[in-house]
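Heads up, the next two complexes both have subunit A, just with different partners, subunit B and then subunit C.
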Partner chain A sequence: MMRRDLAFRALAAVRGDAIVVSRYSAAFEWGAIAPSPLNYFGIGAMGQCSSFALGLALALPHHKIIVLDGDGSLLMNLGSLVTIAATGPQNLVHFVCENGAYEVNGGHPIPGRGRISFAEIARGAGYPHVFEFDDVTAFGAQIANVLALPGPVFGTLKLVAAGELDIEYSETGGGEQRRQFKEALKPLLAAPAR
Partner chain B sequence: MGQEHPGPRGSELIAALKEARVEFVAALPDIWTSLGFLWPLSRDPAFRLIRLCKEDEGVSICSALAFCERRAILSMQYTGFLDSVNSIRGTAVNYNQPVCMLVGLLAKEPGVAPKDAKRYDIRITQGVVDAMGLDHLLIETSDDVPLLAPAIERAYERSRPLVAMIGREVRP
Partner chain C sequence: MILDRAERVRFESRTPAGFTDVLAGAGSTAAAQVEGLLVVPETARGPLPLAIMSLGSLGFTSGREELYAQSFAAAGIALLVVDSLGSRGIGETFTDQGRISLATSCADALYALRHMAGDPRFDPHRIALFGCSRGGCAVVLCDDERLANAVLGTRARFAAYVALYPSVWMRWGNPKPAPGPVLVVLGENDIMIPLPLGRARAGALAAAGTRVETVVIEGAFHAFDTSAPQEFKGELNLCDCDVVIADDGSMQECSSGLRLQDDWPGFVRGISEACGKRGVVVGRGPQPQSVAVAPILDFLGRVL
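Here is the complex of A and B:
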């Protein structure tokens, strides 16, 4: 099992100019570790992180889009795995942060904790590249290669639960943050990146 | 009765989407719009069709495309609209995003306002649209189709969601 902050630091080291879409506890931690106007923290509707990322991936096919999904969130939108795999965006990398708990809602366990395999579900949905990481050293060593693969790529990050989190929602995903995100997208619309 | 009140043609709806510069269509099939609209649209190279597993995915996809200044529409049955209310609330309404939806009102009687429909399902769809304060229009016949492109234009200009309810089965 990995500590989420350490896994995120490893990802941040190779993130480059990728857009990162995340929600809830992953968003709060990622925002603290890797602040950027190219972070999108939508907290409006649980489970929608992956679908929002698919829209970005379709609009910006030459730009890397990374999703930091939650396990409870992904369980709410499992169909998005099939939609993403069928649509086939080569620029999309979809990580699920599996800690087995609804951290921002009291720390309750997710259904099927310890028995389900998100990697198997993603493989069955049609993702061509699927990974599982439970060791931060291995993750750090492989993450650059994972990001370089043609997507859609799926990766489970096996994390230790952080316990119940006390989150200040008003500071994350607000209107000013969305305005900054939209501004940051403008140069990408005019001149596609890698 | 049905012959006296023919529904809009799919080709007219497709032309309206082109006029409104819509490029992406996120959709789940709806028997009300399937034959006349979605099948021909699926073969039209002017559109990128994203086939969804569940309608609320489409709300987020359309919202993300709008962030990137690309126009999209979400096509679904009223059941999918009702199922997507939380996503529409959180992603489109609260975030002021121009998510434009085509919503088929399966089995609504011709010439009857949705709020007065016999079917509970149709009546509450109109009620939910009103309660959420969503901009909306009703497309019953070909005469209503010219309203669609300007409504989509306004949605993007004002950055507000839009519901275009399809009140009759769409003809090929």
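Here is the complex of A and C:
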């Protein structure tokens, strides 16, 4: 099992100019570790960040889009796995942070905790490349290769429950962050296809 | 030169055009006698670890074989350089990959393992496969349980795989890797193995369940460990081709739809026209020729 902050630091080291779509507890931690106008935080729409990311991936087919989903969140939008696999965006990498709990609102266990396999669900949905990481060294060694694969790629990050989070909704879900993200998207949307 | 004093080893292999023949087993194609150069560390004792090297397109002209034979011997690892080219009267394939099939390079590597696993000087559980460029591609393709079953049965398996800047124009569509970790070494500026594509190939192996380690040599172009310095050449670059091997061993190039029909030279000519381009940079630099030796020995030291 990995510490989420260490896994995120490994990802941040190779993120480049990828857009990262995250939600709730992953968003708070990712925002602190890798601040960027190209972060999009799915606060207030639990479960929807994979769908947001699919929209971005289709609109920006030459730009890497990374999703940092949560296990509780993904359970609310499992159908998005089938939609993403069927659409087949080559630029989308979908990670689910599996800690077995609805962490942000009290740590209640998710249904099927410890018994379900998100990797098997993603494989069954049709993702061509599927990973599971429970060791941060292996994740760090592999992450650049994972990001280079033609997507959609799915990866489960097996995480230990985090400590107390510094939750500040106004920063991650506020208007200023959204404005910065929209500004950062403009040149990408205007750029000619590579 | 340590290779000048090497022991000559002969073993039986095959010369298949494609992987269908390899998967069909020993009886599908005529036997071929293949020779290799074996360097055994003089001071080492007991059953030794062994690396079997699949030659790159430059053949013995590259200078890599001497470098790694010396380095491995100093680390107590024996090296068998399988001369897939010279055994068939070929000097190099750099100017024409149609001279010998990649399936033949793979067959040679697997038959070499079958032969060497029975040599009491070596530990059959500590034999790695190693190769550069075309040989690196053979390494990656050989990491396949279907091929291993067809040639080796349950007798032996490579314990580990080391692929230096492996050619990316051929791959298994549905990888079924054999046990054993893989080290992939890539050049940052390689235009024959563009880094994102090299990484993607490594990622695909990892997705299929292989433990993959990747090392990127800063500033390096293709064949950064040859004795000749870096040079631009107008040879064919097939990195835009994508030949996919199906489960039954049949092969098709994705962008052109060309299929291998038992005529390897014709297939290579076809894909060269369809998706090949001219221009490569190969050779040593900007780092020393031995730049990859330490990470390779570190890997082999941990896994063999």
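The rule is simple: the second predicted complex is superposed on the first by the 187 of 194 C-alpha atoms of A that agree within 3 Å, B and C clash if a C-alpha of one lies under 4 Å from a C-alpha of the other, contacts with A are read in each partner's own complex, and residues count from 1 in each chain.
The working rule: contacts are C-beta pairs under 8 Å (C-beta built on N, C-alpha and C of every residue); 3 or more make two chains touch, one makes a residue touch a chain.
As the structure is a prediction and not an experimental result, all values here were calculated from the model.
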{"item": "Touching partner for A:His129 - first (subunit B), second (subunit C), both, neither", "value": "second"}
{"item": "Of subunit B and subunit C, the chain that contacts the larger number of subunit A residues", "value": "B"}
{"item": "Subunit B versus subunit C as contact partner of A:Gly79, first or second or both or neither", "value": "first"}
{"item": "Which of subunit B and subunit C A:Thr137 touches, first, second, both or neither", "value": "neither"}
{"item": "Touching both subunit B and subunit C, residues of subunit A", "value": "none"}
{"item": "Sites on subunit C touched by subunit A in the complex", "value": "195-197, 199-200, 202-204, 206-207, 211-214"}
{"item": "Of all residues in subunit A, those that touch subunit B in their complex", "value": "42-45, 47-48, 51-56, 58-60, 77, 79-80, 82-83, 86-87, 178, 181-182, 185, 188-189"}
{"item": "In the complex with subunit A, residue positions of subunit B that touch it", "value": "24, 48, 50-54, 56-65, 67-70, 72, 86-87, 89-91, 94-95"}
{"item": "Subunit C-touching residues of subunit A, taken from the complex the two chains share", "value": "129-131, 138, 141-142, 144-150, 153"}
